[in-house]
Amino acid sequence: MLIFERIGSFFGIVFGIAADPVNLAVLFGSVLLGILFGAMPGLTSTLGVALLTALTFGMDTALAMICLLAIYVGGTYGGSYSSILINIPGTAAAAATALDGYPLACKGEGGRAIGLTTTASAIGTVISMLFVVSISPIISSFALQFTSFEFFLLALFGILISGTLTSPDLVIKGWISGFLGLFLACVGRDLLQFYPRFTFGFMELESGIEVVPVLIGAFGIPQIIQVLKDRTKIAEAQKLQRIIPEIGTVIRNIPAIIRSALIGVGIGSVPGIGEDIAGWVSYGTAKNTSKHPETFGKGELKGVLASETANNACVGGAMIPLLNLGIPGSPPAAMLLGALMLHNVTPGPMITFEHPTFILEVAAILLLASCAMWITGMLLAKQVVKVLRIPAQLFMPIIGLLCIIGSYSLGLNIFNLYLMLPVGIICYFLIEMGYPIAPLVIGVILGPMADENLRRALMVSQGSFLPIFQRPVALILFIIIVWTVISQFEFYDRIKKKVVLFILRKRERSTAGSAETNNSGEKTTD
Amino acid sequence: MKKILVITLVLLLAAMTAGNVFAQSFPKRNITAVVVWGAGGGTDTCNRIIHAEMQKFLGVNVNVINKTGGVAGSVGMSYAFSRPHDGYTLCGLSESNVTAGVQGGWNNRFDVWETFIVGGSPDIISVTPNTPYKTLKDLIEAAKKSPGKITAAASGAGSIHHLNLLALEKGSGADFNFIPYKGSAPSQNAAMAGEVSVVVTSLAEQQQLLRGGKLRALGMLIPDSFDVEGLGTIPSSFDSYPGLSKYLPISQAIGFAVPADAPLEARAALQAAFRKAMATDKVKNWAEENYYLLSGATGAESKAIFNALESNFAWTLWDLGAATVKPSKLGIPKP
Amino acid sequence: MLEKDKLRKADIFSGGIMALFGLWIISQGLKMPMKDSWGGVQNVWFVSPALFPLFVGAMITLLGVLLMRTALKTVGFNGFKRALGWLASPDLIRFLKSPATMRFYAIAGLFTCFVYIQVPRIDFFLCSVLFLFVFITMFYFADDELLKKFFLFYLGINAFFLMFFVFDLQTKLEPVMSQLAGWSAGFGIQTDLEPALAYPVDWITMAFTFVYFIYIGVAIRKTPELRKKFWISLVLSVVPPFLIGTIFKYFLLVPMPAEGLAVWLLDDIWYSYFQSWFS
């Protein structure tokens, strides 16, 4: 009965918010602003939330929450525009989208891809919202299963999987790229003992290398150089655009969308990591479970759907530990935590007693924001594709300027600019030589986490690696990592074939009839 | 080109008419407060609250921006200090910034700033609920029996919470295995998850978890006990270990600063507005709801507080081997 | 990305560079404190700040060597020799002088000058107008000869600025500027204009933008079909900086990297006309 009452009051809140025209105006305005921040290369949704945190200070709490959540949702979704259309991901999460989205745009299906991701993102957000309303305390206790060893393994897994998936050439190169990112993450005062590493006496390097300038440099600059240098057209602008969402395609992909959303919620709820990893893991799962993994990377709609659904579902996931434990689940969620503190709301276990309806309010805003995002997205999709008709020679220099102001604005640091450019030029050479660049960015994001948690875990266990095998979550992560690495080598294939043959022969002996169905079953799990 | 010329001319004309609008002496235009820590942190929140009130009395807007990085906020501090010393650029900072000097990020002593202290939240020591330690005495005795075995979390080496932990060790004779975390939230998270047993952070950061039963409070690290709604009174750790008074309290001092050589008129105007803002109900209510103790110290008073903090932090770091510049080189006296 | 065969040859070198880089990381890591106490944390091997760099360095070295091995297996030793031969042949010079490579130099050079010389010191609005103007005209005209000319022009401007900042001509110009201010006062233009004279660099930047404008005008005199493109470039290099800059500065409250003449003007307009609406 309690749950019905909860649902009843939930919809009461939804209509309460939607009935106020001011709220609606702020909602749509913020979603649009979020989409713009996500879509403009060089500006990121983290920057959007950070800048708006300061501006919402004067508003009352409910309105500020609407504004910030809407920007967060819109920004996470908007990142897909630039990665699909011009191959410059606005966030590390959208880098997984670019893998298949940009080839689609080159085929002239950019509009279709954006239309579909809009629907998928909205579904992802709504599913994550359901989790926030229903079982968030259970999920937040899952978040507490993560201690230093798990964090370390998770970070390592994130780097390995993005390295494995992105490589257009050899997988080794993806991993090298990931480790280069980890090296960049080593720069600065180490987090446990404060010893300066690789700082070469630069005071600015002591606080470490920030993610945003690396992200902008690594994704933005090489694409600008490539397009202008080789005089390539960015992508095809399609003449006939469908605005109506392809309901049929969406329904066919519903199982995949739900799976991606679940991955997004799960990863979002782990403190400290967010959309970036969710997008990659979901993309990887989609590729590994697909019957045609070879089509991924060449314009496979399922890949785009997987990463976009997951990174939007992550928004709700990240809210769960934030609201129940006061631990932000992703970098923009950390900004949101700050905004909440500014408005005198301290999230934590007591929030349900102090502000009884607050979690429901957040869920209601998420629902409304995803609706607003869907409507705005559907209206924008058709217009945004027209950007491709502007000659790249006019377009790219302005993006260059945006990259510069974007990497300066978060933290107001000119040194970040000095860093962004060389990173961009080095990344250009790496891309030319067939190294994927996304693992490098993921490495910079996860490096501090991997470093700090590995050493801290060993400190707590007094130098023993045994806890990895004693803690269930750690063990699962460890097995997945080992499998990810081994499956890339030839001898793995040989062993696998032998095992499969062995099992088949056994079954053939037992019943000849059921062997065939088993056979096809084996293939799908390959 | 003609267009540009015309536009430039129009702009110039506009500029000329603009000149004589203001007659008031200070402030004539908006003030910028450069917060050296990230948006949403304690220092940032404090600054936004106080400046929102102050701007009502100053008559201009105070724009709060965040400029992070360097060691102990040195990038933001250097930036704010490099702007003209006219009172239009403030620097939002906290007690942790006093270590920038000995860590090689800042070439001055801290008294180049005139500081305004809003207040801070007192530190508290807590344990994971399923540990056997019910009182501070239990914990300290256990730690004395097996030195260096009980794990204690606090944010990074040399932070205010680490200093509080060190002071507790010195004052009580216990010895913990200190595990540093990247901030208060992760250290509390680790204590909740049972990775470590003891955690030291401020009451403001911990209150939700204490009241939710995720952590158990053992004692305040200030001379007075503290009433927390729904939890009763948390005793002062000084009650069971009077020797602590020699080393504690080391309190947070969050606030903002203006270069000490800014015009007297500007500093006076800021002080007046600051006093009025501290007396408003909004600031008082905010402090109460968030378990902050308001200070309101300015001028000589806050200078003395920051001098004490500076020498304490600087020499502790030097003794720990985490400082790169010897405090005496900067002229910082021993505590 | 290069073609498969070339890529493998390049892999031999990139793998080698990576392996060396990994070794360098290890050598740096070995210099870090391993045992002695640092920062009040008990220090054993597993707490040492060197642990993670050593791990990363070792992995990069290992993967670099593996990559070299794979590449050598594919192209064989002869392929490697041929690749070495190519590096010593005139083909390399030809590649370095090819138009596509020239375009790369131009983009990299443009960004480098802008980011390292101009942004930190010159008013953001003014220097980005110049930057965009040069950048857009260089590529939008789709003419490699013009590109080369424009790029050299921009390099020249920056060489001047470099001198200007290195020799600190700004302070040397101050007496001249105050002289100018004296004259302007003589003409009855009152003190309001005086602050504008405090930004000589910004005035010089504006002058360069104007000279560049004339220079392009002369360069495309004989090709009237470029004239339309010229005006489009002009509009697109003036509007975006002011649009983006104004939004960031006044709406999102982000101070610009360097604030000079244009910001001073905008500030004045802002405070005298718009500010009153908000407060």
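By written order: A, B and C. Residues from 1 in each chain.
Everything below uses one rule, namely that a contact is a pair of C-beta atoms (placed from the backbone, for glycine too) under 8 Å apart; a residue touches a chain by one contact, two chains touch by 3 or more.
On a predicted model such as this, the values are computed, not experimentally measured, just so you know.
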item	value
Overall pattern in which the protein chains touch one another (line/ring/star/complete/other)	complete
Comparison of A-C and B-C (more C-beta pairs in contact)	A-C
Euclidean distance of C-alpha centroids - chain A vs chain B, Å	33
Geometric centre distance via CA averages, chain C-chain B, whole Å	37
Distance between the centres, which are taken as Cα means, of chain C and chain A, whole angstrom	29
Contacts with 2+ other chains: residues of chain A	54, 192-194, 412, 459
Contacts with two or more other chains, residues of chain C listed in rising order	38-39, 41, 253-255
Residues of chain B engaged with two or more neighbouring chains	65, 157-158, 177, 180, 322
Sites on chain C touched by chain B in the complex	36-42, 189-193, 196, 210, 213, 238, 253-255, 264-265, 267-269, 271-273, 275, 279
Contacting residues of chain A [partner chain B, same complex]	50, 53-54, 57-58, 144-148, 189, 191-194, 203-204, 206-207, 210, 271-272, 325-328, 334-335, 337-339, 341-342, 344, 346-351, 411-413, 415, 448, 452, 456, 459-460
Contact set on chain B toward chain A in their complex	38-41, 44-45, 48-49, 52, 64-71, 74-75, 79, 103-105, 151, 156-158, 177, 179-182, 185-186, 189-190, 192-196, 204, 207-209, 211-214, 230, 286, 289-290, 322
Parts of chain A lying in touch with chain C, wherever the complex brings them together	51, 54-55, 168-170, 172-173, 175-176, 179-180, 182-183, 186, 190, 192-195, 197-198, 221, 224-225, 228-231, 391, 393-394, 396-398, 400-402, 404-405, 408-409, 412, 414, 417-418, 420-421, 424-425, 431-435, 450-451, 454-455, 458-459, 463
List of chain B residues in touch with chain C within their complex	1, 4, 11-12, 14-21, 29-30, 32, 60-61, 63, 65, 148, 157-158, 162, 166, 177-178, 180, 320-322
